[in-house]
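Listed next: structures, encoded as structure tokens.
Both complexes below contain chain A, partnered by chain B and then by chain C.
Presenting the complex of A and B:
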């Protein structure tokens, strides 16, 4: 279970004319490398190595940096570079540059580049670049979250276990729960909403895993908790501490994914019964949650969608409700990002992050996910193979078929090549290798011939032969006792004679 | 040719695309629910629930992933495994055709699964295995025990019930598990597939404790593609969930044949499922023996429906739960039926086709399976397809197969026999037999019982081994000419099997499952042998050990043993000097 990871991040620092610090140790261009250690536990250590190349701008980059706004510059620079996954380019612009807005000294673009204002000396610049690199690749916290199985309890933050485990695929299920079809005829145009809002994000994430999306409508599906009526606001409230009990009764109706083995992400839209609406979710402080939604780590999210009461009481039931999908999808997409660990961390005010736009995900955020998943995959492979080895140690006469053996060899070599690629800074090939390693190791581990129940345990074999062993042991034990007795007497006798 | 094919496909696709583009105002799936209550000749009452979800979308193209009324679990299964038609039935008890008449939907005791796969499926056996495993998870049934030893590919008996172009029987798989016990854990997932669950509509009557307190319980799921409209250019998918239960009201009702919904289900109906476009209760009030007004149903039905069902003219009282007038007077509907006059149930109308099967012979080596097929039609002969699947451990002697009708040998016009392979596949025997009018046909075949390996015995092997029901499929000539019916309009209970023409109707019957004893070893014997041998070895070892380790030395007789002392006492009495 011991593992030494070495993660190499290729970083290019490009100085625009007029931004080169005076105290540069060597003339441009030159290379430099910095290493830091992230300790996870006693046997797992992660070394991150930033391989920094310092150089000046080319003429075309200079032209691109002449753009009016940072966003335009980002677009223009993206055309020039063909940055592989995991690599970062940082452009240092002069302190007086008008590219960055007032008060902003770091701008992170949609792709794999950032603009940094040259302020202070080289030391200040280095510290800033370092912080930026961590934001755009990985931090000690994100690596610890990826290796959360190995981190001792109590050392992790509350968010660390929220992330979905790395898997080869995910199934996303949107469910509309209508507990009261008699009074509400709820319609949602989920097909269009998925194509418009979810699919671009998933297209981008398709590098990470396979995704399948489906939806269903469940009638007469109720929450497990009866909401409390609040007289002041004449509404119903679900308090934060009762939310854990909400999911279980619904879960039974969701239907598991019988046809695949991938983890399922559930997003539920709950339209409360007429007798229980409007329904609001209350947080720990007693204030109503503005989005009226909550998420459950590694499971999915629930949103409560209130139907406005009809103006006149003589409306014929059922009331036709068309769900506003923009509002719903905003919440679900935010929850999706949270579940994948893509939430944006708290950053100093001088950092400006470009919004990822329609794709919902910037290139460097994808890289972050890939770093974390690669590390997690390798850790999973090592855990799987270790427990397989433990099983083999326990049952000596287990039969390892040739195909299982070749899967194990494949897993080990893929994991090793993933480690090698990681330390060489090739994120994409490292991730692919780690995926192959996971597939092979799982196939070996879950091979039906390796079920330990198939093998007769040794202690039971002994039990069967007890009728033989017991009568045979009696004379042996008796004679042993006799020998001991005689030996003791022989010892006693000479002392008496003396 | 390819271009034409592509064009046709494009034309087929076009309406689907157009419909998909339309805003979600029009519902593309509809639900119909129906309950048929029919008093049986012997005094029992059969209740048949049918829930039909029709979805105007093509599941196969894979583009569909947004479900409304159609259950997602089944839809994904159909799409992922290339299923064209799926029929699963879980049954407890046996439908007594002789006493109860022709069943609306019969299923063999235990679990029955038959599936047609799409021609695009390359490895049918793998898909079949996967499908049975997933279904066993969905329905909590032991369908995962379906393997090659109980799966057959019938050539003639099971034709697709839905839309099909080409009936290559290599795409068909059929399996029966006669040992399967059906209970609540199978009913709950079945109810969960209904859009309204058991919360509203007819499904509120499905209370497990009443349903399983009955003579016969059979629940089924049928999925098939059907024509979307009369022109049949596009495909819709139909899911039928059926549940048949037979209550013995005669013995539980103090010898009276009267019944009500509440007496049978201990619930009454209060509303229709709000998602259903049709929700009806049919009560069979057909006059028997030309005597009208023998029975009385309350409350008064909303309408009367007359139909020709299985060659018989039937009259049904219909309660439409969606009609507002029904719940005007009372808040709940409790259909009651009263017989005005006690009628003698001595003469039961015998169904045209019925069958019996039993195993005969003595000893544990050989035996004989006999099947009796009755054709009680007074003047018409008709052919019947008999499908017999026998596990490999009963080795059939095909040369002993005899078919005798009215004392003469009856030569089947078609025989398909696939011999069994030990531990690999069962026997499959399919025959097309002509049944003369008013006749009994006896089919016998002898078998030998095989010895199993000791790990192959089921738990409780002395109970015996089941042989699944044999299947009879026939087009029975109808006495009354039938009209062609529109599937969308007619009641559900008449529309599962496609009717061929007006002169005959399709019947599928299942015979009794057989219970055969196999030579069973004493399973504790190995352990007994181990114990005995070990004891013998241990005793031998002990004495040898003693012999080898003890040191023997001669002991001087000191005062003599007990015998000597006794002898001396006796000698003292006698006055003789001691030894």
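Presenting the complex of A and C:
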């Protein structure tokens, strides 16, 4: 079945006084809609529709834009507006405004608004606004990645399939690996760190999925790779090409919760042995990595935490090590963002992004996730239901239980309402509907009762039934033949006598 | 998957366990392996060396060891369970270790051994799986994107018939013998009294012994393993459904597990001066009633129970039909005029 997605993004472009370009086609306020086609393949087409409302600022917004810095303006503006999920507001400030620092023409805030400098006339402004909308909602690449199931392999970039798949929940496990407990007695206050730093991020992401967090400490867990000693820096180095082999020996010992089926994200903190300290990770060019961490898509991340060598050589072992959880969580949460696909690195230089602080991600980044996940969910539902229908067509005698049928109906109606909400621009309800659709369709597809086991090839059917029925059939057929002959003779007799 | 049981099928268990060992050595953890065995060899009363399963009489390598994790053992190795694992239609109470939690980026290796015939594989002497069912199961997996690429290895008699019917993309298959040929076993061990391994698997394992996690050997080398002179049967393979050229497929893509990693270059800035959060756990536990242990068998109730009144049902159709037949035959034979003598 072909699927046509229409993704509508409500955008408001607000012109501060002094920033209205001279060549506006119509006087403010007016509405406009721009449609672009992101065609994915023959069967799936995605159109993005930016429903733009151009207007001037209200008095309160002007007051907010009078703030000293962009950040203050952003905070003040956020309190004024009530932007629903998926919508964007862009404030155009005059070219001479001091809100934006030199050389920066776009400032993207923590919530769903941005400040744009009005320079270069209407066409340039429109191009910049379009680029900004794409950054804050979705791009052709992110949609193609979400629909990666349907896109032929050659068209995707190399990193299109590395983000976490949309799932109803994720399990996060923090593990502390201490291979040398005799030298280091490592303490980490993980519960406090989780409550302080991780929980706010997960609360923000709770719209996307359910998260469960656990932690463990593993002793005598070694990396599978022996690091090299580098004389120049007198430290041990792990080169980039040996990193893939580090994960597997550790993973065997990690374990996971037996009850939940959600994908697991493992974050490992490795404290190297005293004999291998300090240990640094080298990237492909040979430079040491500042974070001393690496991650594997769809799996998790590992960070190496070096312990300071003690000042005096005659110190009593084991050394007590109190892990600096802030540094560790900064890296782990950054890895969590990267695993979900929220990277901030590919933006043009004149964009300034506000740091989201302890929340971990900005509102518009959450929107990006939701756009991608909603599209992915709907695509998954349609493939699941199509293949279920094909299965049931092929195997005629599978019994479909009532609850399976009702799940299928529910999945179809939820998917339809999700697509309708997407084209109306209501991201939140679209996402919820898509989640329901996925749950129902998965439950219907993976119902244990739908197993078809009985395949009888035709020659087996003949081989079984012929020896049974043929001997029985012979006397029956002969008797029938005899009856028919007698009936015909009886019919002929009266005519013969006459 | 080892699909046979009983002592004389020792070699199938040894096959499977040897492949299991190699795969674990190359880095795949137990959480990513589903092992289905009848598991009746190590503790079999006929095993002269209990708690061991040997694979080669000279190497004396005990492939059973002490960290074998069998997920489906003994009578749980059925066609139904195998298909359930593949397609994912598992009852919700199944633990994680018994499920195939793969996604569209997973490469899956399936190794099956046992007794087979033209188009079917025998499961534990009581049922069979046909090549059509297997192909359909793989198609179900493909529809749900439960695999990225799949390597199917089968070591049974007439093994090539099992992969003839595959039609889903990205499947590569290897078999130990063609249709009409039997796969032979390698050598008997006179101490244990049975054949220890099958030839094809033996040579595959010799090949795998030289693979280490960083090795670059590709699939074409695996296809050359066990030529007819050593194996007596002709191993076959099928690569037409596979999108990549077998030359470019590394053995470790399937037998080992080498992940893609990226260096983390971004960090976020956390504000550590925020006031500490209150712990979210409730402070006091609710006072509950002391719990009593429920009586397991209410003996007093059972003794004094009256027998349940069963409802009376009229006799069923079969009984009625039988009696009708008997009466008809009786009257046909003796004539209807005798009725008055009976009643």
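Going forward, the second predicted complex is superposed on the first by the 441 of 498 C-alpha atoms of A that agree within 3 Å, B and C clash if a C-alpha of one lies under 4 Å from a C-alpha of the other, contacts with A are read in each partner's own complex, and residues count from 1 in each chain.
Everything below uses one rule, namely that a contact is a pair of C-beta atoms (placed from the backbone, for glycine too) under 8 Å apart; a residue touches a chain by one contact, two chains touch by 3 or more.
No experiment lies behind these values; they were computed from the predicted model shown.
K.L.:
Looking at A:405, would you say it contacts chain B, chain C, both, or neither? Reply first, second, both or neither.
P.N.:
After superposing on A, A:405 lies clear of both chain B and chain C.
K.L.:
On chain A, which partner's contacts cover more residues, chain B's or chain C's?
P.N.:
The partner making contact with more of chain A's residues is C.
K.L.:
Touch check for A:190: first (chain B), second (chain C), both, or neither?
P.N.:
The answer is first: A:190 touches chain B but not chain C.
K.L.:
So, A:389: does it touch chain B (first), chain C (second), both, or neither?
P.N.:
neither
K.L.:
Output check: A:212 vs chain B and chain C. Expected answer is one of first, second, both, neither. What do you get?
P.N.:
The first partner, chain B, only.
K.L.:
Contacts for A:472 in the overlay, against chain B (first) and chain C (second): which applies, first, second, both or neither?
P.N.:
It touches chain B, and chain C stays clear.
K.L.:
Which partner does A:335 reach: the first (chain B), the second (chain C), both, or neither?
P.N.:
second
K.L.:
Going by the contact rule set out at the top, does A:244 touch chain B (first), chain C (second), both, or neither?
P.N.:
Touch status of A:244: second partner only.
K.L.:
Which parts of chain A are in contact with chain B and also with chain C?
P.N.:
Dual-contact residues (chain A): 191, 252, 255-260.
K.L.:
Quick one: which bits of chain A touch chain C in the complex? Just the residue numbers, please.
P.N.:
148-149, 153, 161-162, 165, 191-192, 195-197, 199, 224, 240, 243-245, 247-249, 251-252, 255-261, 263, 281, 283, 289-291, 293-299, 301, 303, 326, 329-331, 333-335, 337-338, 343-345, 355-358, 360, 383-384, 387, 390-391, 394, 445-453, 455, 457
K.L.:
Within their complex, state which residues of chain C touch chain A.
P.N.:
Listed in rising order, the residues are 27-31, 79-80, 83-84, 87-91, 95-97, 99, 101, 103-105, 119, 130, 132-133, 136, 140, 143-145, 213-214, 243, 256-272, 274, 276-277, 279-280.
K.L.:
Mind listing the chain B positions that touch chain A in their complex?
P.N.:
Within the complex, chain B contacts chain A at residues 20, 23-25, 65-69, 71-73, 76-77, 80-81, 134, 137-138, 192, 195-197, 199-200, 271, 274-275, 527, 530-531, 533-535, 537-539, 541-542, 545-546, 549.
K.L.:
Going by the contact rule at the top, pick out the chain A residues touching chain B in the complex.
P.N.:
Going through chain A, the ones touching chain B are 173, 181-182, 187-191, 194, 212-217, 219-220, 252-253, 255-260, 318, 464-465, 467-468, 470-472, 474-476, 479.
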